[in-house]
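Read from first to last, the chains carry the letters A, B, C, D and E; within each, the first residue is number 1.
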Amino acid sequence: MLQIFSSVMDGLLIGLVYGLAAIGLTLIFGVMDVVNLAHGSIIALGMFFLYLFFGAGLHPYLSLVPVAILGFFFGVIVYLIAVKRIISGPPLMSLLSTFSVSMIIIGIGTALWSTSPYNINFKVETYNILGYTVTSARLIAAVAAVLVTFGLYFFLYRTVLGKAVRAVANNREAAELMGIPSQQILAISFGIGTMLAMLSGALIATLFPFTILSGGVYELKSFVASVLGGLGNPTGALLGGIILGLIEGSVAPFIQISWTNVIEFVIFVLILLFFPTGLFGGRK
Amino acid sequence: MSALLELNGVETGYGEVQVLWGVSMAVEQGRMTTLVGANGAGKTTTMRAIMGIVHPWKGAVRFQGEDVTRLSAHDKAQMGLVLVPEGRQLFSDLTVEENLEMGAYSPRARKSLDENMRKVYGFFPRLEERKRQKAGTLSGGEQQMLAVGRGLMADPVVLMIDELSLGLAPVLAQSLFATLKRLKDAGLTIFLVEQNVHLALALSDYAYVLAEGRVKIEGPSHEVARNEEVREAYLGI
Amino acid sequence: MKFLKSPFFWIVIAVSLLYAVYPKLGNNITLRETLVLSAIYVILATNLNLMIGYTGYVNFGSIVFFGLGGYLTLWLIGGYGWNLYAAVLFAGVVTSLLTLALGFGILRLRGAYFALATIGVNEAVKDFVSNFDKWGGSEGIFLPFSTYKSMGGAVHALWTVYFLIIGVMALSLLLSWFIKRSKFGLGLFAIREDEDAAIVLGVKAPVYKAIAYSVSAFLPAVAGGLYFFKNGSIVPEEAFNLHLSIESIVMVMLGGQGTVTGPWVGAFLYERLRGLLLTTPSLSNFHLVIAGVLLLLIILFAPGGLMGWLYKRWARVRGVLE
Amino acid sequence: MSTPILEVRNVTMTFGGLTAVDDVSFNMAEGEILGLIGPNGAGKTTLFNVINGVYKPTRGNVVFRGRDITGLPPYDVVRLGLARTHQIVKPLNEMTVLENVVVGACFGAENLGLEPAQYVAEEVLEFTGLLQMKDELAGKLNIALKKRLEVARALAANPRLLLLDEVLAGLNPSEVAKMLDVIRSIRDRGISILMIEHIMQAIMSLSDRIVVLNFGQKLAEGTPDEVANDPQVIEAYLGDPEMAKRILEEEEA
Amino acid sequence: MKKGWLLLLLVGILGIAQAQTVKIGLTVSKTGKYNVESVNQLNGIKLWQQWINGQGGIPVGGKKYKVELKYYDDESKAERVQQLYSRLISQDKVDFLISPYSSGLTAKAAIISEQYGKVMVATGAASDSIFKLGYENVYQIYTPASRYLTSTVDMLKAADPSLKKIAVVYEDSKFAKAVATSAREYAKKAGFDVVLFEGYPKSTTDFGPIINKIKASGAQALVGGGHYADGATFARQLFEQKVPLKMIALLVAPASDEFAELGDAAFGVVAPSQWEPLVKYQQTCGPSPAQFTEMYQKAYGKVPAYRAAGGFAAGLILQKAMMEAGSIDSAKVRAALDKMDLTIFFGKIKFSTDPKSHGLQLGHEMVQIQWQKKDGKLVKEIVWPTNAKTSDLIYPIR
């Protein structure tokens, strides 16, 4: 019983972080119909940016701030170089151009940091709640994920710029006609999506060791989470992440752990086939 | 007096297909100008060329005496050249109020956001009733009201409307036109594309008849309305 | 026998013969191993092109065919003592049939959704095989050395496998060429250009797509069987390496999608380029970066690939190189 | 009387809450040209999509030459001899004009092989006056030629009934005249035609009968003369001459 | 006159032939996932080359053969391995081969070496299964996977005869699974109750679900692990989650010096190791463990890890076989390897000659290390076998 409780709690906490990563992916898709295949490597980059600031003596949680700022500008640059030109082209083009960005990031990352694992070594408290053991890092990561998500919601629904992002996502031409500079908004959206991916990467780095290749796993998880929640739907992505975490947690006690991935991907394909707009409704 | 909005020999099209062949027009301050013509004559393309969604290949667009041919659509919108596009093009996932707010995106319009919002709600009380509703869930008539309202929120110097009554029941069309007339009477410059020729010609001050991408006839609306040639070319009976 | 008159047919035959004979004459094993890799790339890219270039569906997980073919082959040879020829044919047919069934499902998805689903399928299969004890789970399948002895010794067996792979390469190119000139191919191109229009014109798109998907699985599966037989072992990460899938797309794009020659040239050039980058010490650390920049440049500035560029310059090339 | 070539029986098509076509019925006789008119958004194209199987109607049936084809996918409908064109042209851009038409011939009613399809295609191209540009890429044609290509492709399928969706829209008068000639000669080949059109002059002179749709419902049906003089039609479609007056009056009141 | 020139030329050639060379080929993973381990291994091999060439070469049949190494980067990739080993044999005409790092790559190389009948000494490859495929030319230096954790089980039994419940948790990879499977069998035979036997996927970084299972199983000791990254993470999370285990033995990771970076989480963790600088084997030939360590430190400025030792040992064994055979002929060297039974600084070396497992290492044994604290600093101590130990096992650790 305790095991199941622990598993579910673990799943929930990590699921929030998956959800944050997925929001980054789904936001970009929702606004500009681009499936960002550089998502994974950007997550990994977030891990290493955190590592750099941490190495420079900043506390890991304080480092989240510069990581976020860096992530935003990095995203804007990626948009301007690799996405802007092909944004209205067929889906293959944006898939491949973001993939090539991924190759470049991983290539440079490998040259800089090799492919060996890195760690953020800082003091972590352990709490025991009714026999369930949880570390402060996990709690903080989950809380941070929730806070960032709330922040994003505040931005999207309460600020003019955020509403403009939604307007551009909804109808780029009409937005342009209303005086909204759509290219700027797209660049900003890509920046925000990238920022979220990097933040989730940074939070993951406070929990687990990472390499420049680590992003791949979380990219796939982001796909699963955002498809579960309906591609293009940020709330859905967060819920998708939580569901994913809960699936991981709740099946673990009953099967060999290594089957978890099989279950995840089978669910992924089935959802795509039978609920292409996800469980919570996404863009068609 | 030079016109508020002027087109000089505008040529444009899509890909290699030319649609407009040297279109020249002028929209005078305070007037309602209308553009009529058959389907495919190039009315919508004219509107899109003015806004810069389709780039003019040749010719110039002047707004308030300034050459704006090369400016992007959002720049022109911020200057007060506002188009209510064909097919409404609402932000269907945003609420009614958010749609209106987006209409006032430009810094110029944002200053008088509250005031304009009150005005729009005054014109279209239905919109206020539904301000929390998503635009996509509105009925056709309400959507057209919102489209016009959103255009008004931009505090337009010239309001261009592409197909106001398209797909609307006559009663609704009538009330929209009544609103338009009131706006005109209040001094707004309006440039209208309309398939309902009778209405368009009856309400407007000046008219252009477009065919095959060229201006065939122009003149004060009541004169154009009496022109048999127009009836023949457009109505076909 | 109209095809006998086509220069393209003879170009394929000549190049394949050159591939086959040249290393054998000099008994140059290094060259042979290099050419095997190049031939495998050509096979993967050419068959992938049937989906991307002909049908307009971006298959990101095409490597699953290669891996399944490899697994089925090694399982039949290692576990049941089948001979190589029977095993690879069987592997090809089974993979094709599975793909056909899968195709009726996931080809309902379009654009990015289809691409994501193919990634999902590949990863699901990989993780499944990693857990599937009959196929050795994560340990994979290792062939006993005696397998090669029964084929006249390892040296002889590996040459045989090499010739077979070259044969599959030639078949892939010819298949791609025949499809392009067939009514079936015409239907596929119509789907690529505008699926809804094609359906209205009478193209049975769901069936055509599924068949194209299934056909594009056959030869890669056979090649997978041969390749992993040559390696003597197979493990999930090597069999279902998503990266190779995506590299195949790069090859197709590099050469020019929708043409027969494009993926061929693209695969060849990509292999050369990779080799060059990896063996040049100053570049080897950056081979991924250079490949990425190259891909980005192609997408941004030459989306038609090499062939698209050639066709634009010299329209007559079209007559000789399909 | 022989069986009608097409019977539309009580067809209703709804999308979500929106009813695009509302209980529409009419028949078409063999060899007839039937015009389908109505304001934009009246449901004409939706009705076409229901007839050729792009949509399965929410209610009602479509019967073609005595056979119920409701819900049959478009590729099977073509096989039976019912071809169509699109209002927004859908050329296969990266294929040549000839290839476009060969697709039509290959997958049409005759299910031809590539070579015979080639002959049919050339013949159709000659007939539609596109032969000299058969090797152009379809995407490079201008709008008039693209429209003609739509017709040629549909014709290559060797249909008994042809649905033409605004093939005249966007053409200049001389192009319209050419297209009208093409349509007449199609009729002379014994092919029945159901056409959506906005250019009144054209549709009035071509059609044997006309069906008028408004807000998804059938508003009127009859000969061109009957329809043109129907006040309901005039109001719905041509605009109510009195409306302007009413607005002006209201303003003054 | 002409004849005189020819004669001179002939003498010249013979003179050169006097200072003969023997070419040894291999691939190194200079890039890719095996980069660190593989380069370590290469360092050992190069050290051996310097050492033997410094003595004038390998004395074989009255002549001295200088060692020439020929190696390429295999990028840790299977397809490169086959290509490059073919090249080594057919183009570079090497006389003998040393394996690449890792069992996976070695298996690929073995097929090539086997088809050309070239002897290949396999180091950095602990798999059993490669040697059960009927190869005749491949010889293993490492203790095979099946015996990796068996002595750990022995040690645990000696330390706490009352302990019953153990968990075997392994990385789902070829190597770790093989180790874990035989450890489970061995533990069962030794009377333990294996309450959990579970693999985790290779890329695992979140051990939460596994740890929950360990807790639920009531296990008192844990053996398992996989490679470095997962092992280090596993150890850290076991510590953070305060899992009440009396002994934790993990493969590979704790044997590395970097493991100390884990701090308190490293304390008490046990690992089997192929070799440690402090071992006290009585070698019958070659340098002693201490001499080797000193040489290595001089050359590379750091203490050798077992992979470097394995590299050196691979060279040394080839050298020994050539000397015994009195020839560099492959068949004769193969016969000498088959007969070989000796102890070097690396430990005992003896190969299986059973056709079903030809080349499998039978002689070499693992040592057990444990991370302990000396003056507040974490240090690696050898705790098993008892005759080689530098410190007593700390038990229980929690």
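In the analysis below, a residue touches a chain if its C-beta (ideal position, glycine included) is under 8 Å from a C-beta of that chain, and two chains touch if they have at least 3 such contacts.
Being a predicted model, the structure only gives us computed values, none of them experimental.
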> Along touching chains only, what is the step distance from subunit B to subunit E?
Replying inline: 2
>> Spelling it out: a chain qualifies if it touches subunit B and also touches subunit D; which chains qualify?
In response: none
> Relative to subunit B, which chain has the most distant C-alpha mean position?
Replying inline: E
> What whole-number Å value describes the gap between the mean CA coordinates of subunit A and subunit B?
Replying inline: 42
> Using the average of all C-alpha atoms in each chain as its centre, how far is it in Å between subunit A and subunit E?
Replying inline: 40
>> Roughly how far is subunit C from subunit E, centre to centre by C-alpha average, rounded to an integer in Å?
In response: 37
> Hey, how far is the Cα centre of subunit A from the one of subunit C, in Å?
Replying inline: 32
> For subunit C, what residues touch not just one other chain but two or more?
Replying inline: 127, 130-131, 138, 285
> Among the residues of subunit A, which ones contact at least 2 other chains?
Replying inline: 256, 258, 261
> Which residues does subunit D have that touch at least 2 chains other than itself?
Replying inline: none
> According to the definition of touch, which chains form touching pairs?
Replying inline: A-B, A-C, A-E, B-D, C-D, C-E
>> With touch defined as at the start, can you tell me which subunit C residues reach subunit A in the complex?
In response: 52, 58, 60, 105-106, 108-109, 111-113, 115-117, 119-121, 123-124, 127-128, 130-131, 138, 246, 249-250, 253, 285-293, 295-296, 299-300, 303
> For subunit B, which residues are in contact with subunit D within the complex?
Replying inline: 15-17, 38-40, 163, 166-167, 169-170, 173-174, 177-178, 181-182, 185, 195-199, 201-203, 212, 235-237
>> Going by the contact rule set out above, which residues of subunit A touch subunit B in the complex?
In response: 160, 163-164, 166-167, 169-171, 173-182
>> Help me check something: in the complex, which residues belonging to subunit D touch subunit B?
In response: 39-41, 139-140, 142-143, 166, 169-173, 198-202, 204, 215, 228, 235-236, 238-241, 243-248, 250-251
>> For a test of understanding, state which residues of subunit B touch subunit A in their complex under the given definition.
In response: 51, 53, 72-74, 77-78, 82-83, 85, 89-94, 98, 101-103, 105-106, 109-110, 150, 154
